[in-house]
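In the two complexes that follow, subunit A is the common piece, with subunit B as its partner first and subunit C second.
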Partner chain A sequence: MNANPAPLTFSETAMAAPAKRPSPAGKLFAIAAVMAVFSAAVAIGANAFWLSAATSAVALSLSVIGLAVLYGQLGLVSLCQFALVGVGGWVTLRIGHAYHPPFEVSMLAGGIVAALVGLVFGIPALRLRGLYLALVTLMLAGAFQTIISAWGFPDGGPGFLGRADGAGRAMLARPALAEGPVPYFLYVSFFATIGFIIVQWHKYAKPGRAWALIRKGETVAIASGVNVLTYKAWAFALSGFFAGIAGALLAGNVGQLDGRAFSAFESLNLFALTIVGGSFHWYGALIAGLLLRAVPALLTDLGIDGYVTIGIFGVALFHALATAPAGIAGQIAGLVARLKPQARGGNRA
Partner chain B sequence: MLKTLKVMAAGLALSLLTAMSAHAAASCGDGSGKAASGEPIVIGAITGKTGPDDFSNSTKAAKAYFDCLNANGGIKGRPIKYVVEDDQWNPETAAQLGAKIVNDEKAVLMVGNSSYVECGANAEFYKKSGIYVIAGVGVPRECFFAENYAPTNAGPRVSMLGAMGYALDTLNAKSVACIGPNIPNVGTWSCEGVALLAKEKGFKADVILMDPGSADATSVILQAAASKPDVIVLGMSKGVAVPLLTAAEEQGLNQSITFLSAASAYDLSVPATIGPGWDGKFFVNMEFNDLEADTPDNKNWLAVMDEYGQASDPRDTFAQAGYLAARIAEKALMTLDPNNITRETASAAVRQVKDFKSDIFCAPWYFGDGQPRHNANSTTRMAVSEGGKWKVVSDCAPSPDPELKDIRAFESSMK
Partner chain C sequence: MIEISNITVRFGGIKPIDQLTATLTAPVAGLIGPNGAGKTTLLNVLSGFVKPMEGSILLAGVPLLSLSPLRRVEAGLRRSFQTEQVVEDLTVHDNLSAIADHVVPAGERARAVEAALSHVRLTDVADLLGGRLNLFQRRLVELGKCLVGQPKLILLDEPAAGLTDEEGAILRDLVLGIPAVTGAQVLVIDHDVELIRAMCSETMVLDYGKLLALGPTAEVLANDNVRRAYLGEL
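Right after this comes the complex of A and B.
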């Protein structure tokens, strides 16, 4: 490539660009198509164990896409995303047990409350960046861990906390149109696809451009007339919303949640795997979700000690930081991009 | 030459030793020594192996027993395929594994389960799938309040109240402080039982719930001692109980207050660890017989562990529980036609189990057909720390837990 005279390459790229880059609508459609193929493959091929693991994985990928907005678009390190998943799950269970509305209503409530909490958690980000923001959000995740291990998740009991304390323990009913394991998996995939599309659309639209400017530097953004406060707040709310929906979908999967599964470490893990999966591409979120749930499931299936996953994730994170900052998704995108010009080059010759 | 003789003598001694240990042979199945070769019967189990604590001793013992059974004719010629999964103390994983064992492996029964999270996560699912569980160690309240789930152990609350009953009847305690972990449905549930009994019987009870992960032992102990109770009852695992006792001894409290504990602190290493300062002053409840008891079934358990388990498998009360669960499952399955062992027939057989006798239990074990909950093991013993060992100090006594009313009523209707 380098042997080519520079002007030629330039004109080539310039000419090729309009034809090569798909339209935003086409890209959004591609997300739906890929997700449809993926979901169909899992729904047809997986047994009960893998179906359950895949359902959790896809639900969590929704929280990863939220985190990817913060890290991939704004460069903000938030280490309390899994706590927001817990907030969404808590509210969903609370509303679901108290009023027995359709699942979608509880889920939406979980998403909205998590968005508001995410917004509050994001307040430090209006002043802080980098390490300091990471520390503050990690402490918030720790605070959530303490609260949730004391409160537990609602299970149909009385009072504000909704704890049945054993005897009258109730499970949250799944949505009426997706009660079986396969329909519920497709249901989760459907909402994950919508989430991916919404985030991808943001990247093409005004918020995406504003985020890109803020990422370059807030002074630049302000100088360009971007309302930094609004767009940052919007990113936190959006991220929290998707985390909340993920929590609701997780709660629907098992019918309940357990406080012990929401330690601050899980938030760290989620962030690490967001980087490993790739925070700049939508399918990075899906990969991260699969890493979070399918890799431990695979090891469990093979009878390997559960602690091994932590080691594997550590190595994967090290690898990602050292050699592939765009994560696995970035490597896939790079591979695709490398294959394409080669094919075209072949034609030209 | 001399060397050869020595080697030969050693070899002779070794073979004699082997012969002798084979003499106390493990007894299981039909005792024929013929390996079962028919179509395997799939039995599942979920245990919390990796996580805050290793709970897998129960399934290890159950596996040893099933291996012994398979080597001795199996269930009328059919061997048991025992599928054990680790839920990693995560309810989500427990649910995944429940689906795997029930729907993918198509297990007919679950045996030896011991997990903190599985009961809550899967009890409903088991009920819907029509599979029954003879669990090893149930800890949270959910394990004792499910229709398809029957543990062989007594549970933390029944055990703690067993200790409380001993304190009232034998130690003449008039006031108590209960220290439990702040885990919902475990510590709260246990100490609430003590408070309820106090209300019924009219003695004074304080409840202190602590975070076992980040505890300051001295401050917890001083808080408990502040109301000057006659006895302090602990509901902690041995890893937390031992530091609490050490802190109490540093404060000289072992001189003025008697300490008791639920079965969670019953471990052979504890008396030597806490030292002679606690001789005759630290009592513990036992859900099962003395681990070193010289009774036939307890000896058989140890023989099974020696012959079919790993040398590293702990010989603790969890292992006793798993062994018993496996034996109960064997008894239930043996009543069936070997060509017709399905989930339906196995479930029916388990529901019919009653009057299962073992000297490891205080009272015969039963499933309790048609009962909404199961807690067959509610009669326990007490032991005291003495000279670096546990000394059994009481006969089997029923736990005074007021919550056991329905269980007691069912038991008297069975007679």
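Right after this comes the complex of A and C.
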């Protein structure tokens, strides 16, 4: 560098056309391509048991990608993501049972309400970071658990606040264009792909750069003109939105949800697996989703108690924290980079 | 022109800046003083991170203290930090785009970033990740960020810290070129008196939050009080 010591003036340099930079469109298209291959393989190869597990896994990966925005982009530890999945699923069910709109409308409502709740849950993050934020969000997840178990998770009875009364739960119908298990899996994969692409686009665009500055330090971000409050709030809303959509897709998978599935422990588990899967690469979310649902399914298939997964995840988390902070996805990315050493820098996943 | 009138900053029982009044007119002005003299505090007052108890500051006739830190950036205030703050997982280009996003109108960002990259001679490494840069390149990225948009006042907090003499000389030339190409005034804090001597036509010396001397750099550095308080002579 500095081969030419003569100073260039701004007017001279402004004459030169801006250098051509690779557009991120190719990388976004790669997400669609990978997801298409993955979805086709599952749709063709999986039996009913595995198809249901894969559907839940892909739906949950949407909530993981939301969590990855907070942790991977902003460095914020939020331990209430599964509560937001519950909020999204619950709103989807209630809107569906009360007004019978198309599934997509209920799902969108679930996403929006979860985004708003996520925004409220994110308020402590305006002042807190690290362990303190983690504790506060874990308490919020605990509060959600307490409320739904004390009040009953209203999911099967008539009306907007209806509860199942023992006569059997009303089931939410799947979307009209995806009623069978295979079409519904592809339907979930489609929305997950859209979610991955939206999050990845954020990383290449203005919000991603602003988040990177906030992660570096709020003073640095402000000195660069970043409105820290707005961009943090947007991250929480986006994260909550995808958690809500994940909840909606889970509700659509079996037509109902069980309130006991949304305990604070699940939020902890989700966060742990976000780290194990990898929060800096989009496919880390898919890996985390598969770990969350496919590993227990595999153990059940082998006749082993599903609770063994907790131990396995604990070991995996220890491994990730000790040796692979970018998670399994980071290790895959490292392997790919090693296989093509001619590719030089500037490759932001 | 920066007009500082009667600025006092108080942190609990201490006053890092005590009734400071000074007017800086040189295109590249220097700010020196021993540790704890209030240099960085003054920079933080100018950029809005520290609120003074009293006093006023005019930048080119416009009152600064009523503006939030963000509004000041929009109004053309730029600063670098003592420890460089390059984002490791953004490219050099994106490190500059990150500020252009907020201070340059949408259609002109690419050109503004290219112009700034070119001025600090980082065009060749524009696509390299921040984490792969050496210290000199990182300092240049910081300088480049200050040039994006239409800066009016650029505050450089020890821009040459850790650089070799040769690198410092290149940085000095780049800084000297800033007022002519951007129209911005530059205020440099540094411990390196030789760098200040070579770069700044006007220098302000602080000592325990008070103005010790202000004027043409050669005269200020020859001043007995300055040599006693700062240079450790006499």
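Points worth noting:
Basically, the second predicted complex is superposed on the first by the 307 of 349 C-alpha atoms of A that agree within 3 Å, B and C clash if a C-alpha of one lies under 4 Å from a C-alpha of the other, contacts with A are read in each partner's own complex, and residues count from 1 in each chain.
The rule we apply is simple: contacts are C-beta pairs under 8 Å (C-beta built on N, C-alpha and C of every residue); 3 or more make two chains touch, one makes a residue touch a chain.
In this text the structure is predicted, and so the values were computed from the model without any measurement.
Of the two partner chains placed by the overlay, neither subunit B nor subunit C lies in contact with A:81. In the superposed pair of complexes, A:39 makes contact with neither subunit B nor subunit C. Within the superposed three-chain model, A:53 lies in touch with subunit B and out of touch with subunit C [touch as defined at top]. In the superposition on chain A, contact of A:217 is made with subunit C only, not with subunit B.
Of the two partner chains, subunit B is the only one that A:296 touches; subunit C does not reach it. Contacts of A:256 after superposition: subunit B is touched, whereas subunit C is not reached.
In the superposed model, A:200 makes contact with neither subunit B nor subunit C.
Contacts of A:209 after superposition: subunit C is touched, whereas subunit B is not reached. Of the two partner chains, neither subunit B nor subunit C is touched by A:274.
For subunit C in complex with subunit A, the touching residues are 47, 49, 69-70, 73-74, 78-79, 81, 85, 87, 89-91, 93-94, 97-99, 101-103, 110-111, 113-115, 118-119, 121-129, 132, 137, 145, 170, 173-174, 177, 180-182. Subunit A meets subunit C in the complex at residues 1-2, 4-5, 7-11, 13-14, 16, 18-19, 21, 206, 209-210, 212-213, 215-217, 219-220, 222-227, 345-346, 348. Listing the residues of subunit A that touch subunit B in their complex gives 47-49, 51-53, 56, 149-150, 152, 163, 165-167, 169, 171, 181, 250, 253-261, 296-297, 300-301, 305-307. Interface residues of subunit B facing subunit A in the complex, by the touch rule stated above, are 49-51, 85-86, 88-93, 95-97, 99-100, 102-104, 116-117, 120-121, 123-124, 140-142, 145, 182-185, 188-189, 211.
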